[in-house]
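Both of the next two complexes hold chain A, though its partner changes from chain B to chain C.
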Partner chain A sequence: MTNGWIDIKNTDMMLIMGGNPAENHPCGFKWAIEAKRTRNAKMIVVDPRYTRTAATSDLFLQIRAGSDIAFLGGMLRYAIENNRIAHDYLVNYTNAAFIVKEGFQLPEDGLYSGFDPATQTYDKATWNYQEGGDLSGEAATAAPVSGHSSASPLPAHTQPATNQSGPGLTGQGYQGASGAGAKTAEPAKPAPTLPSNTAYDLTLQHPRCVFQLLKQQYSRYTPEMVERITGIPKDQFLKAADLFTSVRKDGDMKQVGTILYAVGWTQHSFGTQIIRAAAILQLLLGNIGRAGGGINALRGHSNIQGATDMGGVFDIWPGYLKTPSPADVDLATYLKRTTPTSSKPAPWESFNYWSNMPKFTVSYLKAMYGDAATKENDFGFHYMPKVDRNYSWTQIWDNMYRGSVKGMLAFGMNGVAIGPDSQKNIDALKKADWLVVGEIYPDETSEFWKSPGITAEEMKTINTTVYRLACAGFAEKDGSMTNSARWLQWKNVAIPPPGEARLDQDIVAQIFLRVRDLYQKEGGKYPDPILNLTWAYTNAQHPALGDLAKELNGNALADLTDPKTQVTIKRGQQLPGFAWLKDDGTTSCGNWLYSGCWTEAGNQLARRGTDDPSGQGIYQNWAWSWPANRRVMYNRASCDSSGKPWDATRKQVWWNESTQLWVGNDVPDFKPDSHPKDHMGPFIMNPEGIGRIFGPLAALADGPFPEHYEPIESPVQNALHPNQSNNPVVKKFTTAADKYATPGDGFNIICTTYRLTEHYHYWTKNNQMNVQLIPEPFVEIPVELAAELGIKGNDKVKVTSARSYYVAKAFVTKRIKPMTIDGKKIYQIGIPIHQGYRGIQEDAGRNARTILNRLTPTVVDPNAYTPEFKGFLVKLEKA
Partner chain B sequence: MELSRRTFLRGALAGGAGFSLLGFDLTPAVAQLKELKIVRATETRSTCPYCSVSCGVLIYTIGDKAKNVTPQVIHVEGDPDHPINRGTLCPKGASLEQDILNPRRLLKPQVRRPGSDHWEDIAWTQALDEIAHWVKKTRDDTFIEKDAQGHTVNRCEGMAWIGGCTDTNEFNYLVVKTMRSLGLTYIENQARV
Partner chain C sequence: MSQATLGIRRISGHAGPAPGEDVERAEQVCKLIDTTTCIGCKACEVACLEWNGYTFTDTVFDNSYQTMPETAWNYWNLIKFNEHEREDGSITLLMRKDQCMHCADPGCLAACPADGAIVQYTNGIVDFQQANCIGCGYCVTGCPFDIPKFNPATKKMFKCTLCVDRVSEGLEPACIKSCPTGCLHFGSKDDMKGLAETRATQLRENFGFAKAGVYDPAGVGGTGVIYVLHDVTNPEAYGGLPKDPRIPLLVRLWKGPVKWLGGWSMFFGVLGVAIHYLRYGPKIPQDGHDNRDDSAPGHRDEGVKP
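Here is the complex of A and B:
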């Protein structure tokens, strides 16, 4: 979330889409109800099902799963056509005025410029800004974007050879070795970079300025087109578009709208672009950085946010530092590639906070390798593994299935149940040498070798050694978790683990220390990174989570003095925050983003101050939030160019002329002494300093603007460009297990998946109380479809996809209605995810013991690599 | 001084006696309060492990004051001081006590040997020794120091770590620290899916 749970109460307008917070985040959703109650805020809910969130809305629209970009594109068009835009915000805080390079083409045929069909990738050289200065007034003579005119009146573009702006650093996508020659013997071709001096037109009239491109891109997303693709009747769509954009009626900036979403947006083969579309809409309306605004991801679990912040995925290190690639032959090359230089109109300023990359990186390497990380050995840079391809979730299973991944450690992660394509994951584990599962309950993954369908004979042939280690539950461990609002909250230990169960951190530490001992005694492949890893914990075999939190925060390795304030931090002291980090090896910090979490003042995460003087729900002294305890990100954008809040009743931060500082109720997310007249952009993590309506260069794999593509399995062709129906850069997987359906094979029903408020993923099926509330799996089927197939409520039904089948009871409902998509009658069904083959009901033989994710396909979003769990094709029959 | 909930309850008791002089008789309410089993319990502040709202919860235990006695959880409820959930919990959070005290919990390490159709008990030391050998063997068998272009890669592609959604930040840090030191590239988490 750019904002926070309580901050929702400050809004005037909510769009909830791709999420169902009333059922999945009930205690956070109360703040949405609070906004309705106290501010008369309006709520629009768009979902394939009529959910409990929808039941509290002012306007509910039923959408076809996977058509969200068409809906949001229609909203963008409506806002532009009806001048419901935040003009000053747009010009000054976004790249709307930036000019895009000649040669860039919009995807009217489904493809942006630069597509290579052989590799299914884009050459992104044209996805860039034009270099130059102020081009205001030159609009009449400029070459339009879709033309191929070579007679450009603009100065020829010259690529500055020294400019090494990195790819989109705030994106989640793996862009590791793009253009760096990692996979070929050819000499490395330097990756294109952003120009330091971008051309711009503050009148937004230039035909290749971002605003005009945006307008052109979404001109195709008419209400009629929205209806054809999404199934939402035109008049209903127009009602929603009018309502949501009404916060910017007549250009008034006081009102604020928010967007809340969850995995209903991420789990698509174009998921990142759905979120981009929403972010663009929020920039267009000037809603980002403001109390009651923002773009708010509602994470599905208690520490998804923290796991990502901590680099718990292959492509990032802690604090979103990029995992290095083989072409980064030394630390200097890596830092040159990953440290952006600013790219902006010459008269503006850009803080370009990622320019501190070398400080964050060197301090991280010092945390990893301590005294063994020296200037001479590049601070142990080559102790770290290098990646040049995708090693994400589905790749693990695919490569285990193919036989190259021999072992797996799975802690608190039920990979078989989570899927996609659970049977493929089971078959993959059969080929592994060993599996270690750390869990608190018996789960599907640890018992894959006796999953339903495996005979006694087959079991004998499964040679995987499986260790199942009894771990500790939440009440038995301390430590912090980071919620969706970026609050890090410390919890305490209530009781010890039961029986012989052990703390997870002790288990991992003891495995590691044993491996280290083996390398010390026996030697082996490149033992240096293992032998040199820092291990300065009070009790080596039982590292305290408090010790680890201190390591995350970082400390001084030499006496440090701030030249401005003359404040000194003594060697060995905890750092006050990331502003103190150095790139010369005199600071250590496990995660720069979390620096400030455990300072000399102690554990900031355990703070419990309940004061909220502004009444905005900021709670500055409750726990601690990243970055630097800021509660609303980009909050500089809550003020106009002069530094005055857009809305005086919701003042967050503002410029204080007498002290020459940014001050406020929240911590300013900005350079504190940057005078408004210097025109520094509020989006300090982008090298441009502004919000990206156009995502340049490698920011995204599939286009600078979102474009509607059909899910990999779809009942219809893409109405915008039938010849390019799917996302062109998405590749299908190719093992024998990977099968994809088409409507021609009789798979005509769209299936979507979801969670119930009474259950939590695959855990609470072990809990009597939750099982009593929802004892059985079911399939939600529209009344009309049930009638067609002769299915009644409680009948046993079988759902079949190209991969496998699922059996459960029919729940015939009016909550999902039949839809008309491009003139075709289409049904959608929904299935909750919670059951499997180990649980109270499963063990008693009271359900079919099938896992829902046997149905889902292995195919992923090209930026975030999240699988397409939502919107795949099935057949339905009476079992 | 921070006013804890229990101090507040005690204050409320004392206040009750005072108010009765004014004509209110709060004796029944006071008697009720004395019966509450949480009064003699230890209150531990925790966080719900389920969704990302991260509601504050209070876990009440007894028996933790005596030596050689394992504390027992007797009650779990929402933390009324927590600014987000303000004491409320959803159907999942409200059943957390059953998640802590659950007869289905795993209580010891087990191993399933190749070709076997059952779990066997295994001592912790033995299990961890065996796992360490597997890790070292797989790393030594699959470690790549240089790629085809001669670039240093120092990676191990032969094994994977998959991490859960309720792991703490500190545990996640320990994991990525140790696993990357082993050269693992397949480090993934529920955060991806």
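Here is the complex of A and C:
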């Protein structure tokens, strides 16, 4: 979330799409209700099904799963056409005025400039700004941009690598399904860079300025086109577009709208681009950085935000530092590649906060290797693994299926159930040598060899050794969890773990200490990374989570003095925050974003202050929020260019002329002494300092603007460009298990998956209280489809995809209606994820024991590698 | 259930006034359920079970998110899910928390023949006293909301107590405490009525629900549980909420004219006996004793202790 849960109460308008917060985040959803009750805020819900969230909405639109970009593109077009835009915000706080290089082409035929069909990748050289300063008023003489009609790649970019693009979190290009052992290392040629003096046109008239490109890009997304693609009738779409953009009616900046989404947006083969489309809409409307605004990801687990912050993905280190690649031959090369220099119109300023990358990186390496990390050995940079290819979730399973991954430690997740393509994952585990599962219940993964379809004969042939370790549940351990609002909240132990159950960190410690012993005794190819790892916890066998939190916060390794304030931090003291980090090895910090969480003042995560002087629900003294305890990110954008809040009733931060500082109710997310007339951009994490409507260079793998592509399995051709229906950079997987359906094969019903209030993932099927509330698996089927197939409510039905089948009871409902997509009658069905073959009902033989993810395809988003669980094709019949 | 420290207003099957009647005028308590902000999460169902010490029951999927078709003797709080087609053809999902309505004029109490099996406290809570319940099920006939449920094992009737044990200690009912969206409120009837009317006005004026209103049916004297409905003219759409609930005629006759008639027929019968005695003298050597008793069958003396 750019904002936070409580902040939703400050909004005037909500668009809830790709998420179902009433059902999946009921406690957070209270703030949406609060906004309705206290501010008469309006709520628009767009979903393939009429959900319990929809039941409290003011406007519900049923959308075809996977057509979200078409809908949002239509909204963008509507906002531009009707002048429902935040003009000053757009000019000053976004790259709307920046001029894009000549040669860049919009995807009128489905492809941006630079596509190489052989590798299914883009040469992104033209996805860049033009060098050159103020071009305001020179629109007439400029060469326009056209949609291109050939897919031929443009010549490789040859500009010297003096200025790197920012370390975006996505788009590194580890795309596609490489075979086992195949290496697709980053090319060694210098990557194109952003210009240091960007060309711009403050009149927004230049045909190649971002605003004009945006206008051109979405001019194709007419209400008629939106209807053809999404199935939402034109009049309903217009109603929603009018309502949402009404916050910017007549250019008034006081009102604010928010967008709430969850995995209904991420789980597509173009998921990142859906979120981009929403972010662009919010920039266009000037809703980012403002109380009651933002783009808000509702996270599905209590600590999934923490897992991401801590680098629980292969391509990032803690704090979203990029993992090094083999091309990063030393620390200097790595830092040169990952540290951006600012890129902006010359008269403007850019804080370019990622310029601190060396400080974050060296402090992180010091936290990893302590005294063994020295300037001479590049602070242990060579101890860290270099990522030579895609190691994302689906790739790990693919590699195991192909036989190159021999073992797996599975903690805090039910690998075969969470999919996609559970059967492929089960078959992969059959080939593994060993599997360790740390869980609180015996789950599907630890009993993969008992999955339906495996005969007693086959069981004998499965040689995987399974070690099942009893772990402590959430109430049995202390520590912190990071919620969607970026709050790190400390919790205490409620009860000790039962029986032989152990804390996860104790198990990890045991494994590490024994592996280290082995390396000590027996040596090995390269023992240094293990032998030199710091393990300076009070109790090495049982590391306390408080010790870890302190390590993440970081401490001073030498006496440090701030030259401005003359404040000194003594050697060994906890750091007050990331502003103190150094790149010379005098500071240690496990995660720069978490610096400030456990200072000399103690555990900030355990704070429970309930003061809220502004009444905006900021609660500065409740827990601790990254970064630097800011509750709303980019809050400089809540003020106009002179530093005055857009809305005086919702003042967050402002420029104080007498103290010459930014002050406020929230912690300013900005350089505190940057005078408004210096024109520093509020989006300090981008080297441009502005919000990116156009995502330049390597920001994204599949285009600087979002474009509608069909899901990999779709019942229709792409209405915008039938010859380029799918996301061009998305690759299908290629093992025997990877099958993809077409409507021609009789798979013509769209299926989407979701969760229910009554259950938590695959856990609560072991809890009678939850089981009682929703006792059995079901498939939600439109009344009309059920009638066609002779299915009645509670009948047993079988859903079949190209991969496998799923059996459950029919839930015949009026809440999903038949749709007309591009003139074709299309049905959608929906299935909750929660059941499997281990649980109370499963063990009692009361259901078919099929896992839903047997149905889903292995295909992923090219930026975040999230599988496409939403919107695949199935057949439906009575079982 | 617990009588705790609450004063009693009415007692089922009881001769004479309730002990302590008119001594205390407690505030009327009331639960407000705003169906327009209910998200059907069922937290109230679970809180109700846990507070009242009931464990789970076996349920079967029945083409709905609804946990079971009706409330049960050990499941007093149930969200009713109703797919409802609006006049314009669009669909909506109405979710209503169903439980005892704690009527001001409780039909169950009126119908109950067992002295002290059903009481109404001065704060308005209607509570079953299982110790005095004879399991006759007359309360079911008396209730226009189909709330009292029979436990075949103990042969007693059960229903929501409005957490009288919590309320008498100054706490809110368990369901209220668990509600994540704040669609449930608890307080005095006057305050809840005010809050409900304010919300209904807001729904009419700002959210386009022209028929939004408050459900507090007069036919049962008003209720201790009131609803805000998107369409107060169609409460039936919310899972069978009666439009104009009344105590069934038979029950009203039973406790009204019939009782009165029965009393007088008894009186005249005894009078006849007396006249007969005066006129004809004793038939059996026995005292002429006026044993008028207007109670229904099953009268027992051990009633409710104040």
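To be clear about the criterion, the second predicted complex is superposed on the first by the 841 of 879 C-alpha atoms of A that agree within 3 Å, B and C clash if a C-alpha of one lies under 4 Å from a C-alpha of the other, contacts with A are read in each partner's own complex, and residues count from 1 in each chain.
Convention: a contact is a pair of C-beta atoms (placed from the backbone, for glycine too) under 8 Å apart; a residue touches a chain by one contact, two chains touch by 3 or more.
As the structure is a prediction and not an experimental result, all values here were calculated from the model.
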For this session: Answer with first, second, both or neither: which of chain B and chain C does A:26 touch in the superposed model?
Result: both
Exercise. Just chain B (first), just chain C (second), both, or neither: which does A:308 touch?
Worked result: first
For this session: Please work out whether A:2 is in contact with chain B alone, chain C alone, both, or neither, and reply first, second, both or neither.
Result: neither
Exercise. After superposition on the shared chain, which partner residues are touched by A:757: those of chain B (first), chain C (second), both, or neither?
Worked result: both
Problem set entry | Which of chain B and chain C A:55 touches, first, second, both or neither | second
Problem set entry | chain A residues touched - chain C or chain B, whichever exceeds | B
For this session: Tell me which partner A:545 touches in the superposition: chain B (first), chain C (second), both or neither.
Result: first
Problem set entry | chain B versus chain C as contact partner of A:422, first or second or both or neither | neither
Exercise. Does chain B (first) or chain C (second) touch A:768, or do both, or does neither?
Worked result: both
For this session: Considering only the touch criterion stated at the top, classify A:126 as touching first (chain B), second (chain C), both, or neither.
Result: neither
For this session: Report, in rising order, the residues of chain A that make contact with chain B in one complex and with chain C in the other.
Result: 26-27, 30, 757-758, 768-769, 773
Problem set entry | Complex contacts: residues of chain A adjacent to chain C | 22-23, 26-27, 29-30, 33-34, 36-37, 40, 50, 52-56, 58, 60, 756-758, 768-769, 771-776, 778, 793-794, 809-815, 817
For this session: Report the residues of chain B in contact with chain A in the complex, numbered from low to high.
Result: 2, 44-56, 59, 61, 64, 70-73, 78, 81, 83-85, 88-96, 98-100, 102, 104-117, 119, 122, 124, 127-136, 138-143, 145, 147-149, 151-178, 180-193
Exercise. Across the complex, what residues on chain C touch chain A?
Worked result: 36-37, 39-43, 45-46, 49, 55-65, 67, 83, 85, 90-95, 180-183, 199, 202, 206-208
